[in-house]
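Worksheet: one structure, shown below.
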Amino acid sequence: MNHERTTQYYGDYLGIEGLLELQKPLSLRDGKLIAHDEMLFIIIHQAYELWFKQILHEIAACQQVMSQSTADDNGPDMNLVVHRLKRVVEIWKLLNHQVDVLETMTPLDFLEFRELLHGASGFQSKQFRKIEASLGLKMENRFRPDYYKHTEFGGFNEKDFDEINQFEKQSTLLQMVENWLERMPFFDREFWRDWEEMPDESESDGYSPFWIRYRQIYERSLSERDEKQDLLGKFDDIFFHAGWGPFRPTALRAALFIMLYRDEPMFRLPFALLNSLIEIDEQLGNFRYRHLQMVRRMIGSRVGTGGSSGEQYLQGAVNRNYIFRELAGIITFLIERRHLPTLPPRLRQALRFGFETR
Amino acid sequence: MNHERTTQYYGDYLGIEGLLELQKPLSLRDGKLIAHDEMLFIIIHQAYELWFKQILHEIAACQQVMSQSTADDNGPDMNLVVHRLKRVVEIWKLLNHQVDVLETMTPLDFLEFRELLHGASGFQSKQFRKIEASLGLKMENRFRPDYYKHTEFGGFNEKDFDEINQFEKQSTLLQMVENWLERMPFFDREFWRDWEEMPDESESDGYSPFWIRYRQIYERSLSERDEKQDLLGKFDDIFFHAGWGPFRPTALRAALFIMLYRDEPMFRLPFALLNSLIEIDEQLGNFRYRHLQMVRRMIGSRVGTGGSSGEQYLQGAVNRNYIFRELAGIITFLIERRHLPTLPPRLRQALRFGFETR
Amino acid sequence: MNHERTTQYYGDYLGIEGLLELQKPLSLRDGKLIAHDEMLFIIIHQAYELWFKQILHEIAACQQVMSQSTADDNGPDMNLVVHRLKRVVEIWKLLNHQVDVLETMTPLDFLEFRELLHGASGFQSKQFRKIEASLGLKMENRFRPDYYKHTEFGGFNEKDFDEINQFEKQSTLLQMVENWLERMPFFDREFWRDWEEMPDESESDGYSPFWIRYRQIYERSLSERDEKQDLLGKFDDIFFHAGWGPFRPTALRAALFIMLYRDEPMFRLPFALLNSLIEIDEQLGNFRYRHLQMVRRMIGSRVGTGGSSGEQYLQGAVNRNYIFRELAGIITFLIERRHLPTLPPRLRQALRFGFETR
Amino acid sequence: MNHERTTQYYGDYLGIEGLLELQKPLSLRDGKLIAHDEMLFIIIHQAYELWFKQILHEIAACQQVMSQSTADDNGPDMNLVVHRLKRVVEIWKLLNHQVDVLETMTPLDFLEFRELLHGASGFQSKQFRKIEASLGLKMENRFRPDYYKHTEFGGFNEKDFDEINQFEKQSTLLQMVENWLERMPFFDREFWRDWEEMPDESESDGYSPFWIRYRQIYERSLSERDEKQDLLGKFDDIFFHAGWGPFRPTALRAALFIMLYRDEPMFRLPFALLNSLIEIDEQLGNFRYRHLQMVRRMIGSRVGTGGSSGEQYLQGAVNRNYIFRELAGIITFLIERRHLPTLPPRLRQALRFGFETR
């Protein structure tokens, strides 16, 4: 039986008393709340920030694993990373649901305290910027990066601005994922010696045997219309020359390989990891889109409380601020499962029995 | 153009700094969180409590309107009550969604800090009890009221216990709704003089003309199986003698009348109000049911951290702790719309042009 | 008790046998389904089409009421219209949820039968086009209207194309709403005689007293930044000269007035109606956006099965194919509730006691 | 480039024309639908049946894999099983969402055609019974099995009754899972020779070394209150003597072992499989519970259209008709991760490198 334990009390453990004192509506006059809905406005934003803290907690734990070059790609650690990224997806679905509650506030109800918020804006959420940054959204890839640089009205104060700038210098999850992909040893010549599907020209432009073969199959799979889009040219460019967005060709090749052979036991976790990143991006997209709709319903085309041009800025961010879009885009280059080259026995064995990535 | 305004900053307005300092995990050792998921556990409960505060805020505002005997049943105030009750429904849907996030914590992850919570339990949420009480859940109608009375291990501390006891003495929303229903003047003889559907025996056992007529139609609508259940006897009992649960017969008659003639303009808000109460009850039921499922997945049949017998208590609460179940149950006594008696012109006019309730 | 009734059987009543014979996968070979997921693909689209039928059923019923010029704006009929539009919103939320199920199909699983669908495309859903058309999406307001005109590969066949063209000639819900708004008699001089807030210049450019006054208040409410956007000029243009999108100025004024005085009992239904239209638009937007995301995950940048350029077309439709956007945009021109002019007693009485619209 | 392909057309491929002819409302009189909402009632049930077909399609595919004794527990086939069970969970979430749409039908609207359904009831859904049966719900474990046996009014017709009876004789997913669990070779003496945590008495009552050790640790983990519940006695009974519900002790031991060591690469799929079964049960529970609530709101305590006592039957089914409850209940017997015995190297290696189950 268990030894003596300290007794806890729900309210003390959770700091409820302090928590319920943090709502300080500006429309409070002599103890009376003039704008009833300001309470909702405060509480929903505090709930967002609580969840943002949890998301940052999960991302940090993932980064700690991913930054170790010795991580076993199929071991318990990687399992945890996937588990935590999936939780981030679930939290984000909840955050998107929260918009339903905010939409019970009508434009007229918002107008009752909107002016009091003068200068304050969701744009100033430090944690949200940190989430974007720690995932890998680069300043230069954002819609209107100039918005982020000013520290005046509607922007961050200097202290927060510096803190975010500092934060952005750290390694991002995207970079760690890229490095991890590049460590994948699938294309080592050793595995492919004597491969039964070895193409005639076993090397060309630096393409390894697998990719020479794959490129042939992919070319055959293209429809006339696909050809008009020059998908083959894009294939070469993305996977062998220029890369795509923030990703280098080597990393993109490993990602495509994982997507193709995702049914192999050894690829299940790596695939789940890539998929979670894509889902996070999708939920972030939903978040921006729902937010845009909500702003349209709440303030229309007027200038936001923080001075942002509201609707236009948000529309731009919806269309642009993706982080892992290129990972999702890789599916353009898949072929049918039944045309997939059979892997050489040596590699299959290694995949089956596991190897430490380099 | 606007006069000078004070400039606000998002983080200050929302007290973010204080908010993010309130997470004090018990498994923190030398700055390191031993049980990674304890953070989730704390944050989700804090989010619940934030939303509970908002719900109490809405209920209090509804009570303020409903407690005025002069409230115009079809005026802006009643409109606000319905609007706010619908918001409570929306918030509760969100709280039910939150369980999805909690379920990303596995039993083994919970076990890592479960023992540290010794004595603390969601049962001790003061705000949750206040919500139940302010809506109208009476101590004596709860499952196992004895659980609420002890102040020892796993129960409320004395201060909170006294506070809740004090709180429970206040008028509840249910009582206010009942009083408001009883003020409805629909059955004033004045309206029904010369009614074209006047039944032969214009009075019987104190039934007013409408109800004599309605009882006849209802009786004809019953199937053989309905008769076996003695639905007519229940009708008499509920609407004219004993009442039902916490509701008196007069109030139940008014509620049934509102449900029957809900398409009349003047009944739209009263009907929406009754419907919102039923929906709140339904969402509360969902909340208890999801919570029960979550506990089953998290601790199985073990005794809860607060010493409650967990599963059994929650199952009992799911089946029993309804607040407005009788309001929902009224639909058992509806008849088909095409058999509805035509209302007398005097009442129709009054309904159309509005009257202050007594 | 009830007279003799015909006995029904669930399966016969619902035509289940026929329903379950309608799945004819193209990848069926000698009774064996080669591509397991083709069943999902068929069933989800059939579910979409069932729900589309229900939506058309609801819209047609709404149109029947709205097309009667004698409809009582606050009577049972209008109540039904709002009820049914809200149901359309609920159905659309469900359709958006369905995407979650479709996303359990992986790109590789889709590739297994994608080629067999050659030429078929969701673009060819006749019912979806009819929904858009009956709500009021005009061909010329669509993104890339030229796509709709061809009857070749990937487009409608001639029979369906003609049917849709015929269908598009009918009156739309948007037109009926516009006519109904224009019938609103609020601004009849009669109501405003002796108004206590009568502006000095009681007429100007054809603005009625209310709008002269409102324009003054609105102007004062504008911030410096709002002025830079020339919101006052837009106000004049939209509500008095050019109108906005498909809406004429008279209709937009009535809509703004309803939004401003939505708390008045007589405006509750009209406001709920406008709000439902805005919500339908929002859900349609969500539908397009989710669909776009799903396509990105399923086929990437490849050309769609119907030959559409997929992603780009869908992105264009998300940003452009709104139907009631201008109704939502009206909120840009709201003022704070406490600055709202008090309505003249004559109008208040009319609003309270109801009037038939002209 | 691709060879010639047959061109398809959306409407033909999906059988839309036939699909949209299957709605035959009973309240149709001379081409006019008397009860507007009967269309919704038909369409939502047809949507349910479409999705039921998909669920049966997925379960059948899972059964095909699970019934092979040679299935590789960690191979692509088992991957597919988990993938498909997860899809069943997603579909069930959608079905639960559908109730929201049905709830837009009011009791009075339902009363308009309710009598016409006389005898027909959702109870008669053949596919739903097949889903329950194929998962493993035994007739004798159902609430009120007698309801299922009659073929009269409100029950199945004889043809369907026989079909279901025949169907119930087939092997169920539960049985296949049980057999698969019993094939697990973890406790082979071979793996445990020279185990460093070998307990003193290396055998007792047929307990293998691992379980002797585990039982000691579990006993130490019990609190005073746990002991009052005699959890240790239950442990012995469930895992070594009587089994639990439909599960034999050997299968339950394997399931507990998988839950304990779920972080091991080789256990990820087996754990995901067990978890999916528990989630399906949870969603089925939600389905029954939502259905119960909906019936309460639609017909109250009256007898259902099929003559069932409605509410009581559904309440009984909610509390009783679980299929995999004992799998979920296993978590009662978990211990903290840090107390978990270290596995012997031989077993770890086998887990890591995979073995075919016997």
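Per-chain numbering from 1; labels A, B, C and D assigned in written order.
As a working rule, a residue touches a chain if its C-beta (ideal position, glycine included) is under 8 Å from a C-beta of that chain, and two chains touch if they have at least 3 such contacts.
What you see is a predicted model; the values in this text were computed from it and never measured.
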item: Minimum number of chain-to-chain contact steps, subunit A to subunit C; value: 1
item: Maximum centroid distance from subunit A, chain identifier (CA atoms); value: B
item: Same-interface partner of A-C, chosen from the options B-D, B-C or C-D, over half of the pairs matching; value: B-D
item: Whole-Å gap separating subunit B and subunit D, where each centre is the average of the chain's CA atoms; value: 32
item: Chain centre separation (subunit A, subunit B; CA means) in Å; value: 39
item: Numbers and ranges of subunit C residues touching at least 2 other chains; value: 2, 115, 223
item: Graph class of chain-chain contacts, one of line, ring, star, complete, other; value: complete
item: Touching residues (chain side subunit C, partner subunit B) in the complex; value: 1-2, 74-76, 79-80, 220-224, 227, 263-265, 268-269, 352-354
item: In the complex with subunit A, residue positions of subunit B that touch it; value: 2, 5-11, 13-16, 18-20, 22-24, 26, 36, 39-40, 42-43, 45-47, 49-51, 53-54, 57, 61, 83, 86-87, 90-91, 93-94, 97-98, 100-101, 104, 115-127, 153, 157, 160, 306
item: Complex contact set, residues of subunit C against subunit A; value: 106-108, 111-112, 115, 223, 225-226, 229, 231, 259-260, 262, 278, 282, 285-286, 289, 293, 296-303, 307, 315, 319, 328-338
